[in-house]
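Okay, handing you the structure first.
Per-chain numbering from 1; labels A, B, C and D assigned in written order.
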Amino acid sequence: MDTELILMQLFSGVALGAILVLTALGLSIIFGMLGVVNFAHGALFMVGAYAGLWVASLTGSFWWGLIVAPIMIGGFGMLIEYFLIRPLYGRSIDDPLLLTFGLSYVLVEGVRIVFGSDGIPFPTPSSLTGVVDLGVGFFPIYRIFVVGIVFLVVVLLWLGLEKTKFGLIVRAGARDPTMMKVLGIDISKVWLLVFGLGVGLASLGGVLSGPMRSVNPEMGALVLAEAFVVTVIGGLGSLVGSIVAGLLVGVVISMTALFAPEMATIVMFALMAVVLLIRPQGLFGKLA
Amino acid sequence: MTSPALAAPSHARAGKRAQFRSLVTRYRVPLSILALCLLPWLLPSKALAVNVLIYGVIAVGYNLLFGYTGLLSFGHAAFVGAGAYITGIAIGQFGVPWYLAVLLGVVGGALLAFIMGALSTRTRGIYFSMVTLALAQLVYYVALQASAWTGGENGLRGFTVSKIELLGFEINFLDPVNKYYVLMMFAALALWIVSRILNSPFGAAIEAIRENERRARTCGYDVERTKLLAFTLSGTICALGGTMSALHLAFVPLDSLHYLSSGMIVMMTLLGGASSFFGPFIGALVFLVMEDVFSLWTSHWQIIVGSVFVLFVLFLPKGIWGTFLTKVMR
Amino acid sequence: MNAPLLAVENIVVKFGGFIALQAVTTEFRPGRVTSIIGPNGAGKSTFFNVLSGVITPSSGSIRFKGEDLKGTKQHDFVHRGIARSYQITNIFPDLSVHENVRVAAQAGRARYNIWTNRNRLTELDDRADAALDAVGLVAKRDETAKFLAHGQQRALEIAIALISNPEVLLLDEPTAGMGPEETKEMVALLEKLAAERTILLVEHKMKMILGLSDRILVLHHGQLIADGSPRDIQTDPEVRRVYLGQNDGYA
Amino acid sequence: MTKGTTRNHISRRHMLAALGTGASVVAMPWIARAADDTIRIGFPTPLTGPFAAEAKDQVKSAELAVKQFNDKGGINGRKIELLVRDDKLNGGEAATRTLELIEKDKVHAIVGSLSSAVQLAVNEVTRARGVLYVSISQSDTINEVKDFSKYTFHEALNPTMTAGAVARHSFKKGMKVAHLVADYAYGHEMLRGFKRAQAAIGVETVGEIMHPFGAADYSTFMPRLRSMRADVLCISNFGRDQANSIKQAVDFGLKQQSRIVVPVLLHNQRLAVAPEVFEGVVGGSNFYWGLESQLPSAKAFNDAYRAANNGAIPTDYGAYGYTGVSSLLMAMQASGGTDTDKVIAALEALKYDVAKGPQYYRKCDHQSVQSVLVLESKKKADMKSDNDLFSIVANEVPSEEVLRSCTELGFPG
């Protein structure tokens, strides 16, 4: 096997990893700050793709879809938090998980009713079609663009969390919600925004993957499982963990695809089992 | 606290309620069996009744962990599937008699539950749910790959049990009524076992862990080991449900291992009422009838099932039976 | 004098860079009430957590009846004879008062019994009732624990700890949040218990400690700075400086 | 021996019916149907899930066939009723629905299924109970002797037929072929179909990649596929997997290097993906509405379908619903009723042409021998209407030659 192919495979792995990071981030942020496992994450990813498509077809531009849909679905996420999740705070930690699980059924079926069960074409924007020569092989321009967006999102998140007052409140709130109350900060507003942010990220992932994968009502199911694996490996609630684990999983899948392609999906779960055996809290997780 | 003051006036009625509850608890196994005897004559079809039986057993087994120990597993489909696959493989590929195949299925499921439990009970809270989910998905993909044994995506088949011998009688197992009552014996056995477990000191121990894990540990309970035992017992009962389903359908679909199948078990349990004995069975009944009725009426039945579930989590977290016990019986 | 029941030697506990206990060495003899005092953050709770197996010390050893407890899991401490209560009430809120104690009672012998009907284990019932009697909660036997008054919940927690018939009883602020009446009742209860077993106490209420204790240990910044009778401690200049000095009101 | 069981079974059924009616008086209104003489056909199909569109087309086609027979006065004066049930694309669900149809609704035959797993589950249930089943989904497995049921007839094509036809009409001697294959039975069957044909033509395989079934991302397979420098890339998977993998192969520029062929092209799945992606992709099919310009029976089917469904055209998997129900009803007509053994004999003897040219069931495995279409996906500019998706490259005439032989399937010679 020549080095060119291995290098190319490594690059594909990193690119795939970037997409996995994007799918895991929203899940990880919501869990990290609110302690809520959003089981509707995959469904919202899918709804985001449809929303992006819808906005793009209304405006005739992919870019409007890319910008408007995450905001729209992020807002929808805030409604979910306000009306459905908020009444569950203070109850069992399992309740939000169960509720969002039921919600995912509703969302998937709702999309089937509105858009049909077949799936809809989502063409790659014309300015991003085609391949680019990396020296070791060809790679679609669009995928490189997605990697760039993921990088941008990660940087913005980091800046937002580390360098702004809001970020400070969010991080403090995650550690000690009662302290926030004592300080007179309305933590419920922070949670609302964080949930909206997480859902917005999920739908951004959906819009971005539209041109790469086919858009259909079931596209979220697999994404949910992938996002779970990445966050569990990285450590629940750890952003750094999600990023490292996403890239790791991407590269592992890619290398498996080269040597034992039929194992490319199973390897992800096997990797998770191994990590759990050695470090039950995940690579960057803290012990409960 | 204001609660004692609130509780005081309803004392007399509370007494009556407690009496009813203790009566129901005492005779819960015979009562369930009586209800099960009538079930096939009350439901639209025998096949549906058998499914209620199977999912009832699975949900009751699952509830041992979810309702009583307080652990939300999203991976119990693995044990249901393991029971079904092992039974099917034993009959179809090794010609093992059906009753032995059932035993093998249950033992195999228990073993898998022990292994998965050993891995997952090391983790806590929400982590536990995700780890069980991911481990069960691993089992799903293994079954998909091991198609020589499992039939892969095509599903496992070729093990139809058309007649069985029981106490010297030969019974036509294709007859839906016969099949129902034979499988009902397994269900009754499962209910009896679960009832005994719940009544045992161990039953009190798992409730103590659900109530307050730290206190239970301070009392001298090995929390991890108790959880592992609960996990294994729960998985074993679910595996029994799986073997019943294999005998019933003469087919094991790969989907039976998928996490959405686990999700369905969770939904049934919660719908009926976790942490009550009858709840999960009632949940399985309501869920399956709902699905049966709505899917004839609209192909978008999932939106109804999903919404009902969301509403239950929000407003009736104790489920149908739990709410009946606390609200109506007041 | 008899041999020490519980002895710790050079206990160090580190949380990351923070040293919560540094080289604490002491021993406890049977049948006395020993109080552990010190300002907030002195390491009292950490010390209790080490003695009850909640945390494993970074270094140092604990010996109970001459045996090293290294590697002993937390849940085994109670089986060996060391039981505890917590600073914040820690009971089984949805179980009845009686069930609270009985479930603790069965932890000793019937932990993994999945088959016997627990109502047949009448011996456990009797023991639970005896423990409730000891803390004066027999009348509340069938009430749901979370509906008890605060002081009663504290008493229940002590009953739970007592049921294993421990030789050493660790009580973390048993009168926390109690009014004067409830505190008086609790003190009476503690005096009764002290007749039969070794009690270690973390408390803030100075008057109560001075009246109840045979011996007082003072922790400050994770170090044992004084050890003696109530009278010795009251006059210890170091203690006055770091502790009593700031809290004149207590003395 | 089998005959004996059947008779026993029927008497058992009568007894049950009596029991059921007895119970229904005291119990619920939904118990057992009255013993009228309607001919009931159960039709399990995945109304929910990724193939719901295909399922709905199947139902419409099947209803059309039933309506046509009823309009002609039914069979011996008996009306025909179609009982549609949602199998949710799940074998367990399908088995339950089939049991209900047989035990409660007392159907005379089952037609349906859209996936291999569902087909095998229904087959298992009908085989054990001696109920007629016309299966309408693709699989090689069901042809083999292990799953054979004398009550089951396979109306659908199988991977050997479709992959073979596609290979015969797109491979040339000396070409280099690369395979991307879904790693499950259906994928392996398609691959085998291609390779059989390859061997006959003299085409070299330059590489073979098995991908996990149900994968969403294929990017990690693309560098290797590209490095194979094949003339033809065969993608042996189905439905969503097909849409995703073709889309990503095109993104990675593989279409510039190789021609993409697939064993089966689906009308509705093509609609779900942009025409640019599928442009030039060649694949097999059982039916395409464009056949009407060549074939009178296709024209007649299309016209009747359009009339019944507001001008909509029938699609590939939908057409199976029509041909499958039609052949069954024709056999019932020929045998004069619903006696299982007589209907089987009539089906075995039947020659029919209802939508796609002449067809008949092979004796040994009950596989319908029929024409296979090879289609090419059109460029957007060449499409004359929204439904003008494919051009017909070839229409292979029915022949047992393209099937695996009876001995190969394990049947005694």
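In this text, a contact is a pair of C-beta atoms (placed from the backbone, for glycine too) under 8 Å apart; a residue touches a chain by one contact, two chains touch by 3 or more.
This is a predicted model, so every value here is computed, not measured.
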Exercise. If every step must land on a chain the current one touches, say how few steps get you from subunit C to subunit D.
Key: 2
Practice problem: Work out per-chain C-alpha centres and flag the one nearest the whole-protein C-alpha centre. | Solution: B
Self-check item: Chain separated most widely from subunit C, comparing mean CA positions
Solution: D
Quiz item: What is the distance, in whole Å, between the centres of subunit A and subunit B, each centre taken as the mean of its C-alpha atoms?
Solution: 32
Quiz item: If you average the CA atoms of subunit A and of subunit D, how far apart do the two points sit, in angstrom?
Solution: 37
Exercise. Please report how many Å separate the Cα centroid of subunit A from that of subunit C, as a whole number.
Key: 48
Quiz item: Distance-wise, how many Å sit between the C-alpha centres of subunit B and subunit C, to the nearest whole number?
Solution: 41
Self-check item: Residues of subunit B touching at least two other chains
Solution: 141, 145, 300, 302
Quiz item: So which bits of subunit C are touching at least two other chains?
Solution: none
Practice problem: Pull out every residue in subunit D that's touching 2 or more other chains. | Solution: 48, 52, 183, 212
Self-check item: Each pair of chains that touches, named by its two labels
Solution: A-B, A-D, B-C, B-D
Quiz item: What residues of subunit C sit close enough to touch subunit B in their complex?
Solution: 52, 73-79, 83-84, 86, 90-95, 99, 102-104, 106-108, 110-119, 121, 124, 143, 146-149, 160-161, 164
Quiz item: Which bits of subunit B are touching subunit C when the two form their complex?
Solution: 1, 3-4, 7, 196-197, 199-205, 207-208, 211-212, 214-223, 225-226, 229, 233
Exercise. In the complex, go through subunit D and note every residue touching subunit A.
Key: 48-50, 52-53, 183, 209-212, 214-217, 219-224, 226-227, 240, 243-244, 247-248, 251-253, 268-269, 271-274, 276-277
Quiz item: What residues of subunit A sit close enough to touch subunit D in their complex?
Solution: 5, 8-9, 12-13, 15-16, 19, 112, 116-124, 130-131, 137-140, 142-143, 212-214, 216-219, 222-223, 253-254, 257-258, 261-266
Self-check item: Interface residues, subunit B side, partner subunit A - complex
Solution: 72, 119, 122-127, 129-131, 133-135, 137-138, 141-142, 145, 259-260, 263, 266-267, 270, 300, 302-303, 305-310, 312-314, 317
